[in-house]
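First subunit A sits with subunit B, and in the next complex the same chain sits with subunit C.
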Partner chain A sequence: MKAKEIFKNYLFVLPAVLVFSIFYIYPFYKVFTLSLCQWDGIARFDFAKNFIGLRNFFELFQDKIWWFAMLQAGYITLIALTFQNALALMLALACDRDIKGGNIYRVIFYLPPVLSEVVVGLVWRWIYDGNYGLLNYWLQQIGLSNLVTDWLSNPKTALTCVAVIHCWKGFGWGFIIFLAGLQTIPRQLYEAAKVDGASSWQLFKSVTMPLMVPVFILVSILTVLGTMQVFVLILSMTGGGPGYHTEVPVTRILASMVGSSRFGYACSQGIMFGAVLLAVSFIQIKLSKYMKQA
Partner chain B sequence: MKCADKKFCLFFMLSLFTVFLSVFLVSCGPQAQNKGQVKSIKVWHWMSDREGAFLELAKRYEIETGVKVNFELYAPSDAYTQKVRAAAQTNTLPDIFGILGEKRDFASFVKSGYVYDLTEDMDGENGAWKNKLFAKALGVNEFEQANNFGVKPGIYGVPIDVTNIQMLYNKDLLQAVGSDPSNPPKTWKDLIEINRKLKAKGVQGLVSGWGEIWMIDCLASNYAFNIMGKDKVLATIRGEVSYKDPDWIKVFDLFREMRDEGLLASGIVTMVNKTAEQLFANNRAAFAFNGSWCVNVYKGMNPNLNYGAMLPPQASDKYPMVIWGGAGSSFMVNKQSKDIREAVNFLKWITDTKQQVYLSKETQNLPSNKYSLKDIPMVLSQFAGAMDNTTHPSIWGASEFPMVIETFDKGIQSIIIGEKTPEQLAADIQAVKEREMAKKQ
Partner chain C sequence: MKEGTKYKVEKFFKDFTIHIFLIIVSITCLFPLLWMVGSSLKTQQTIFSDMSIFPKHPVWTNFYAAWTKGGFGMYFLNSLFYTVTVVFGIVIISSLAAFAFSRLKFPGKNVLFYMFLGAMMIPLPGSFVPLYVLMTRLHLINTRIGYILCMINVGLSFSIYLLKTFFDKMPVELEDAARIDGCSRLGIWWNVALPLAKPAIAVIIIFSSLNVWNEYILATLIFSSKNLMPLQRGLMIFQGTHITEYSLLMAGMTITTVPIILVYLLMQRHIIKGITAGAIVG
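Entry: the complex of A and B
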């Protein structure tokens, strides 16, 4: 009788297990298997014939361009973590108050994230264009001709330009999550603090900040994961150039897979990238637990 | 929970599981073909600009032969490339398909048994089919005796059209600076001189989509052939000559000179070809480096554009100027197709003179059939006239390592943005070359 019950219980979860196995476990297993092989993605796959052990991973550790791309993704992430989230928080704080037309602002701030990334990339490439771009035109109009440059072809500005657009496109997510977090803070806490004579800064520092820690952690994890995987914007704005100045891990994976037909190496890059993201997320979760306790 | 509810839940879950399993198994299985249907063949392609013309030709073919041809468009080309590779792995390639990529990818498809050998069909009837087509276009689809890829010698694809990549010049802009528009620059010195005049008038020199790095590779190898000749270029690819050789440094130095002379349009290193085409079509640059497909593009952007095509000006008189060209797009027959004969017959038909004239007229591409060159626009005939000067990495018989190609192209971008000197780039490429060769041994 008990065995029958157990069997029935397992039967209930079987569809979910099947879906999870087919669409998650099996692809992951396949990617891991391929990462141990040298395969061009065209020839018939023969594990025994294509197996090269950990050679792809050893090569990856020595691949300077890969680590440079990782560093550049880290730079964009740093900008997103600071400026993008600061902007999102400021706007969320502003909209949390009972201001006139609050809902309109919410819609406006949430517009960039719902736009297609390719469209955003193409529009901004046009704005940044050195030949007929709006940015250079405006700079000339306001007498700042000395700042006119080829924004996306200049190695000093290309990556930052992409990072700025990534932040512009992404701050809406943070804004919505911060706003939701702010609205869960009981108003009585603010009122009690005000009665005790707390200033606006003290309210923010002593009431808002501590209660928002879990939200900050959530937003920062999502920002890190989302930004490190930035790809479409780069592809539509610079294609990874000039030189290697806007290459990020995903563009390198694509270059290995499509450009060089090195599926095995591309899979090892994917595994390594996943491991890095997992490690970063793990550190952030540990940090969040520590901060909650503090 | 009541007993009836339990039974219902159990029944529901089992039904769900059965449906799920059935759908999964059916979708994984081969597609059934209905008997008694009109004979049909399937063609996969990526050429969105030619879709209309292909559909019209399919209609005509069905009327003529009773065979239905289903053209299926998968664009953009990156997505198409992935689809074809995935289909090869699952044995679901259509009867006719195209392969995008380098010669080594093509070789891999052939060696894996996905591509039918067309040599006998081409050579049949005293080579009637083969002789109709431009030899250089056919060469791209051919594997010669003792080729480096280990492929059985033969012809494995049919060129549908022909392309080559040259320089375009804007006649009005050249005239505006006092240059004879009927006599475009023939030497590097002439080009630099005209550019100085253009620069003085505030006109940009050369525009091209060098954000798509293969175009840099294309111009650089044109000049490599011009400066050191084919044999030395191929010897470099084989690893017998170093990229640090003075001739290679001369090639890289041309890009340094282009940068220093202000010949290159602003933002060229990240420019996509579409933007470059817009700039040239709108008279914003005097020269463009582009393929013969541009004739159709410029016609759409500015029908009044007054321009001509020319070979890139020679930097050396030691060897002739050679440009990339050959097959524009090619179709292959699936070796595992049940309708190989029908597929071959259709390819014979589509490369016949009448169909090629129609395709050329509709798409403004150069036909692969050399007897279909009548009634093509003046600029297109200039492109056609340069077919004798064409070459392509696919027919060199040796191919460079992908990492070397990437370092080469990205490195030239670095010269253009002033980050590297030609000597530094040469050293970088050679280092990557040696590393890749060591890996292979």
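Entry: the complex of A and C
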């Protein structure tokens, strides 16, 4: 092939590579250099002058709020992994049968995931409102006044309230994936098991579950990655408060950057968090491989 | 015969309980949206006392006030502009690249492709920090073009991957026929590849549109002038400055949400196909 031809072929990928290099690769590289520096984001950046070695990381290891935020993201993730995915699976099993109006349910369940986190957060903030919120009003109406509280300002309830809304927004997504997985299971398998006299529970345990293992793994990994990185919902519901009681890693990164103008520290947080996410998904993949063999 | 009736009755009760369960979950999905629309039809006086879902005397002027005084008209047009330009950019740039990755020969092709693929796999939380630094340095901060380019990049990897797998399945004969007819590479891309990839492009258009319309964090970091901001940013600003004007806020949120719901209802088949494809990539 002539050099001119090759050059012409390169022109096809040039725009994509250009955009990608400037807006992905350069920032990717920049995160690592900045994480070794102390920089306020305003002064002229000079790597030699701003370089402080690994001090950001040492500080981060002792940053109690940071690990507290990590723990809280873990709590939301745990709720999403269990309740959200259990609900999604139950709904998918219900819709996998030949049920009337199955498609309508499908459309409704996937509605929350297409809404923006800002809108979802603000609507629920209004429903949870301590003084005029619908939730407290209903609780009073049905005689449970002792449960009335300022849901999102109460340190005891705020994080769980946020987690519940995160699940509300997310279960439709899990439902669609589970349903797609269930529909790939050949019907003959069910028929054959029924002829052999298997009960519904046996069908579920011995036919559905084993065939769904890859889907379970996929959904659980994506749930962990997605939920750990949640933050827009939190910004619109609580802004991280009360105190630090709904802070998660990404809101901490944002706070380091916008709040205290510590760009280097923010980058080291980003790297640490990225490493944690990679490690968690790696462990999940290893575990699932082990479970498949067992 | 008796066995048959027993089976039917059992099935009826089973289906009945399942429907009850599904309906309860459906109501939980829809209710907050109804409450949002209902709240947007109450006045500043009644919103704190009237707890009916739809008020007896709906007030439609909130929408006018939100559109003009609340600035949501401006935010709406900005969002529309960003969505259209970003989606157009993504479709053109990613289809050109995907076509080359699938059909053309050049050194380093696989390395480049895996680079895009890798970008989807590696989580980079807080990537907005260096991106903000970059935008400031390039003087793209607080500009429309800066935001548009950032958002094109966000959708690029997934689109390239989806289109490449689509182009790989495209029959070579069609391409050869076009070449014999004197089509250039660019001509084949435009006349053969793009029309055949319509289903994949539909998925990309819908997903990128939803993504841009709902994007919040980059819009927050990049824009400081109100007249450039999209809806999501506008909502948070309005919420911060008019903290008690719930009826106007709910009207603004309704304005933000209605287009999304319309697109969703019209395109739900493609959307559901897209999530499944997206999950398999991820």
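Operating definition for what follows: the second predicted complex is superposed on the first by the 269 of 294 C-alpha atoms of A that agree within 3 Å, B and C clash if a C-alpha of one lies under 4 Å from a C-alpha of the other, contacts with A are read in each partner's own complex, and residues count from 1 in each chain.
The rule we apply is simple: a contact is a pair of C-beta atoms (placed from the backbone, for glycine too) under 8 Å apart; a residue touches a chain by one contact, two chains touch by 3 or more.
This is a predicted model, so every value here is computed, not measured.
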item: Superposition on subunit A - do subunit B and subunit C clash or fit; value: clash
item: Which superposed partner A:Tyr137 touches (first subunit B, second subunit C, both, neither); value: second
item: Which of subunit B and subunit C A:Thr238 touches, first, second, both or neither; value: first
item: Subunit B versus subunit C as contact partner of A:Ala255, first or second or both or neither; value: first
item: Which of subunit B and subunit C A:Lys8 touches, first, second, both or neither; value: both
item: Which superposed partner A:Gly41 touches (first subunit B, second subunit C, both, neither); value: both
item: Touched partner set for A:Gly74, first subunit B, second subunit C, both or neither; value: neither
item: First (subunit B), second (subunit C), both or neither touched by A:Leu115; value: second
item: Subunit B versus subunit C as contact partner of A:Ser153, first or second or both or neither; value: first
item: Touching partner for A:Ala266 - first (subunit B), second (subunit C), both, neither; value: second
item: More subunit A residues in contact - subunit B or subunit C; value: C
item: From 62-70, 80-88 or 314-322, the subunit B stretch with C-alpha clashes against subunit C; value: 80-88
item: Subunit B/subunit C common contact set on subunit A; value: 8, 12, 15, 22, 41, 45, 131-132, 258
item: Subunit C partner contacts - residues on subunit A that touch it in the complex; value: 1, 6, 8-10, 12-13, 15-17, 19-20, 22-28, 30-31, 34, 41, 45, 87, 90-91, 94-95, 97, 99-101, 105-112, 114-120, 122-124, 126-127, 131-132, 134, 137, 168, 172-173, 176-177, 180, 218-219, 222, 225, 229, 231-232, 235-236, 249-250, 253-254, 257-258, 263, 266-267, 269-270, 273-274, 277-278
item: Touching residues (chain side subunit C, partner subunit A) in the complex; value: 15, 18-19, 21-22, 25-26, 28-30, 32-33, 35-36, 39, 47-48, 51, 92-94, 96-97, 99-101, 104-107, 112, 115-116, 119, 122-134, 136, 149-150, 152-153, 156-157, 160, 185, 189, 210, 213-214, 216-217, 221, 232, 235-236, 239, 246, 249-250, 253, 256-257, 260-261, 264-265, 268, 271-272, 275-276, 279-280, 282
item: Subunit B contact footprint on subunit A (complex, rising order); value: 8, 11-12, 14-15, 18, 22, 40-45, 129-132, 150, 152-155, 158, 237-239, 241-244, 255, 258-262
item: Residues of subunit B touching subunit A in the complex; value: 6, 9-10, 13-14, 16-17, 20, 24, 78, 81-82, 85, 88-89, 101-102, 104-105, 108-109, 111-112, 204, 211-213, 265-272, 275, 279, 284, 402-403, 406, 410-411, 413-414, 416-417, 419
